[in-house]
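This report refers to the structure that appears directly beneath it.
Chain lettering (A, B, C and D) follows the sequence in which the chains are written, and residue indices restart at 1 in each chain.
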Amino acid sequence: MAVRAAVAGASGYAGGEVLRLLLAHPQVEIGTLTGNSNAGQRLGTLQPHLLPLADRILAPTEADALTGHDVVFLALPHGQSAAVAQQLGDEVLIIDCGADFRLEDAGDWERFYGSPHAGTWPYGLPELPGARDALEGSKRVAVPGCYPTAVSLALFPAYAAGLVEPEAVIVAASGTSGAGKAPKPHLLGSEVMGAMSPYGVGGGHRHTPEMIQNLSAAAGEPVSVSFTPTLAPMSRGILATCSAKARPGVTAESVRAAYEKALQDEPFVHLLPEGQWPSTAAVYGSNAALIQVAHDSAAGRVIAISAIDNLTKGTAGGAVQSMNVALGLPEELGLPTTGIAP
Amino acid sequence: MAVRAAVAGASGYAGGEVLRLLLAHPQVEIGTLTGNSNAGQRLGTLQPHLLPLADRILAPTEADALTGHDVVFLALPHGQSAAVAQQLGDEVLIIDCGADFRLEDAGDWERFYGSPHAGTWPYGLPELPGARDALEGSKRVAVPGCYPTAVSLALFPAYAAGLVEPEAVIVAASGTSGAGKAPKPHLLGSEVMGAMSPYGVGGGHRHTPEMIQNLSAAAGEPVSVSFTPTLAPMSRGILATCSAKARPGVTAESVRAAYEKALQDEPFVHLLPEGQWPSTAAVYGSNAALIQVAHDSAAGRVIAISAIDNLTKGTAGGAVQSMNVALGLPEELGLPTTGIAP
Amino acid sequence: MAVRAAVAGASGYAGGEVLRLLLAHPQVEIGTLTGNSNAGQRLGTLQPHLLPLADRILAPTEADALTGHDVVFLALPHGQSAAVAQQLGDEVLIIDCGADFRLEDAGDWERFYGSPHAGTWPYGLPELPGARDALEGSKRVAVPGCYPTAVSLALFPAYAAGLVEPEAVIVAASGTSGAGKAPKPHLLGSEVMGAMSPYGVGGGHRHTPEMIQNLSAAAGEPVSVSFTPTLAPMSRGILATCSAKARPGVTAESVRAAYEKALQDEPFVHLLPEGQWPSTAAVYGSNAALIQVAHDSAAGRVIAISAIDNLTKGTAGGAVQSMNVALGLPEELGLPTTGIAP
Amino acid sequence: MAVRAAVAGASGYAGGEVLRLLLAHPQVEIGTLTGNSNAGQRLGTLQPHLLPLADRILAPTEADALTGHDVVFLALPHGQSAAVAQQLGDEVLIIDCGADFRLEDAGDWERFYGSPHAGTWPYGLPELPGARDALEGSKRVAVPGCYPTAVSLALFPAYAAGLVEPEAVIVAASGTSGAGKAPKPHLLGSEVMGAMSPYGVGGGHRHTPEMIQNLSAAAGEPVSVSFTPTLAPMSRGILATCSAKARPGVTAESVRAAYEKALQDEPFVHLLPEGQWPSTAAVYGSNAALIQVAHDSAAGRVIAISAIDNLTKGTAGGAVQSMNVALGLPEELGLPTTGIAP
């Protein structure tokens, strides 16, 4: 029996990627699509790559249009999800691709987002310890941020195994789609092609508290995070270079063993063979996360690197994966682990 | 019952794309993969995006390794297909992604390729008049070149309807994957990023006689082709801008009507609504071809533009589509019409 | 003695490129810089690549701020130049990078721009027959459009020598900077990277009448132009592929001879050796235009291809070159013919 | 009186960039150009952007061809410089863009390069403490590596001022030109566009000991370096994100003050105003290095980020700047601090 899914915010990048994946999902029937300023337009004008849905017309993002579905994906600007969720009621599965329900600490939310905290929903990164259980049967899912997905998958095995000190240093490069579709001068093609540039340096990025939350939970102690995001001249992909000081006695072998153990049963997180490093090119459009880890004995650090597609595993793929878990479907159903290359 | 498929030349771009599509094909089981210089290596090293096949080892490209399959895809350098095909016998479906069997005229072959003509196989562009019938049940398929695919789909409706003079002018931009994976200085990233450059100007490109063959067949008279290919700073995609002088009495309406009629039943070739123009971004990884056509009354020309993914509809997707037709499977089976964007 | 120059519209792409070139000009002293919405801001914030001018503050674009200079470059939106010019008076050299004064035919202007025609100024493409003389000593210069620059330089020798029929077919690829700095969704990096897309197809582009004007003047008879511009995934550069039917008796040799003769004394327009084709990569940041031409005897056409940097030779470099001519300075003074590569 | 300069290795990226800069240098006359496999070819074929030198023919890289110049730039593969230098004698200024003479420690050289150590020459990064004095009047210069240039400029002020612990963590993104012009499969445009990928992870990159050497000298104690280089989808530019644990008592103000003091008199190293971060786009083709620094009090780290053009300040610009210092010319002569943007 088909799962009937609606997508609120179907004209944006996250909403479009949810639709791309749902079109290939064997159990899902795509219902209502909504937009705000784009309501009334053909999807074919807004998302010409979604050819099978070209003639669909966007409804306004209102509860009336979204009722009557088994699942509603919210791909809305921050701060709008709580009201929609309340109107839709407790029986529908709501999967929020926004930030509203990711953080557990209300103080963190208020500090980084500057508005009242809406609450906390089960966290849609099934690979984290305990997360899969919390998602099963849940009617609410908070999809993680793209950077926290990449970083948490790269580092949680090291923290869970006690290999490293609780001070993580992270530099991540993201494609421009992570910044969304709203036109801003610094996101113009003329500006981003040929350019690597940092932003939110020094702890200011909103994804920092989410990383701290995930890594601290894995470590069982507070972990500090120095996070520097950079914008790379590509549409999609995150490469996260993560490191922390190795604890005494840690060796290349113990690091490798810990990662193999932590990731061996994961369908989407793949520890590469030794000597092969992740590239964002290999996960373009894929829900896979590629991981490699090394022990730099001269510098005394463990370095873990992950590559994901920020829109797939980092957003919409994580959302559909969580939907599968929440609904009791096979976790991998309809989700590609094959990238598009070259 | 599964169709068992082998791929010869699995380490290249065409072979990799065939595998990407076959992985998503519900009726295909992937058998032997072969390589030449790469025989003995893990596919995961050579094609890290094909994660489900990462542990496959390439066999040498020899008939022994390729026997025992229902379909063999050949993604080999020009000139090698005939020998392999002969060894495999008449009962296996052989789909040649190379050029060897595309041309009907032996003189054209010898002039452009400088070697003896191997023969002519049914042409794997089902959308051309008569082509689908020739493919059904065939044990041999010559997959078209990427440029001829884009150009023929854009212009055959105009020639079939007698709208234009038999002198076509074509300028096409291709992503670099069309030039293959063999490393050459002018294909380095440092050289191609930020660069638009023409090549094979003045009739020298090997795809020219293939276009002439297709357009002349559609027109029922010899068509001359001025073809200028250009290399664009992107990995995938062909945008073909094609025009010819309008015949007397042609109007915007008659042009539109001819294209609508010619393309209305095609599952993969999509005439866009008036005013919307094709972009390669909308067909990234998709087997769709997007078409638009206009009548420039001031210049007296019909302009037809097509966008395809050179590796999908332009090579591997066309190959799988032809396999479906040849085997009597539904033509669309396993083939995406959704692109990856942004 | 220094030439004192002001730039109106210093925060945009054209204005920024004018400043980049003036900084390297040995006879120019940079005076007032103005902006509209950006008045009051540091140039270092808006144009961080212009490091020597980082601490300059933009004045509002008003005649008061612009008086007292020897040259005023206008890099303003269409329709604003006439009023500014009138206020500045007849004694100052005004070089308009906008379209307002390019067209000779008021009807063409009104048809393509939808507003009253402001007039016609000497045309800043010194390489065209007669243009250099008209610029010498002039106090007014209309800088050509970027596409007309590329196309006119590629085709005027063929038309001036009577080699081709008066029906030109042009397909040009432009970097995104040609579309300016105002943020629009389709110009986002996420949209343009990996994408080739046409626009203004079928005669609608505003540069079409300008090309017709230039080519008709060279031919001495009306020339029709079929012009298709495309947007390429790069910041800078235009590659223009231009062709027309060869007249009877034309040969490869006669074509080559005509181009050699027409271009031999030009400091910025370079006919490449036979067999070498222009690439935009070779003119990145350079005021050079690279040209190659071929005779396709099978298709019966002459094909001329040019590569320029749309912001340098196509806008700001053409402006400074014209300034040199107008002021009686050496035409090449301060202008690079060396590109930045790779 | 002109300085007569030869360039050995004129067909590669480093050699080409040296020539681009020398063409704009008012005191330099360009003499012999040499190549290895390309000897005998026109430079216009190999480096079409160097239009003023297009008709130059490359001589073989031999001492005979290189004698009789005031300066010889060596842009050769590692290991070839010592022999050439010995043949040219002690009176000519030799500027080696390769690695051969950068390291002081013979053991480091042998460990990272696997060959006997050729020696140590004055280090061509005048901004480092003491370096300018050592370069003045020298007849030998070892041009720094591109990554060590970016990293040393970003971090030496922090180490010289004792602000941070001697454990640096560095993640840097480089354009592909840093990998040179020799064609390798992973450097193909098809592979690098859309891809961020790390390499040499865990201390293996040959530039690591050079960074350690520079930062340890600045700190006056041994500094460990965790260095992860990544390849970014652009031709040029390095963005280096560098951090180290802040020492007790360090504040945002003390960090800012130390950087202002260290960099205030440098003509090419520019500390950006607070709140503005470096982008590689702003230094494209420029010899400037843009720096910004922050104190992340939550994570307890000082983060310094630099952007340079790897071929300009990171190689050829550093070489010409060092030539100026060595010859007693004004240090800034002929070197651009203006980038090409957008």
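Operating definition for what follows: a contact is a pair of C-beta atoms (placed from the backbone, for glycine too) under 8 Å apart; a residue touches a chain by one contact, two chains touch by 3 or more.
Nothing here was measured: the structure is a model prediction, and the numbers come from that model.
The chains touching chain B as well as chain D are A, C. Chain centres computed from CA atoms place B at the largest separation from chain D.
Superposition on CA atoms relates chain B and chain C by a rotation of 180 degrees, given as a multiple of 5. Centroids of chain A and chain B (each the mean of its C-alpha atoms) stand 35 Å apart. Between chain A and chain C, the centres computed from C-alpha atoms are 45 Å apart. For chain B, the set of residues touching two or more other chains reads 13, 175, 177, 181, 188, 190-191, 193-194, 233-236, 279, 281, 284, 342.
Those residues of chain C that touch chain A in the shared complex are 13, 175-177, 179, 181, 183-185, 187-194, 233-235. Remark: chain A residues 13, 16, 20, 23-24, 42, 44-45, 47-52, 177, 181, 193-194, 235-236, 270, 272-273, 276, 279, 281-286, 288, 290, 336-342 touch chain B in the complex. Chain B meets chain C in the complex at residues 167, 169, 171, 173, 175, 188, 190-191, 193-199, 201-203, 224-226, 228, 230, 232-237, 239, 241, 243, 245, 277-281, 284, 292, 294-301, 303, 305, 307, 342.
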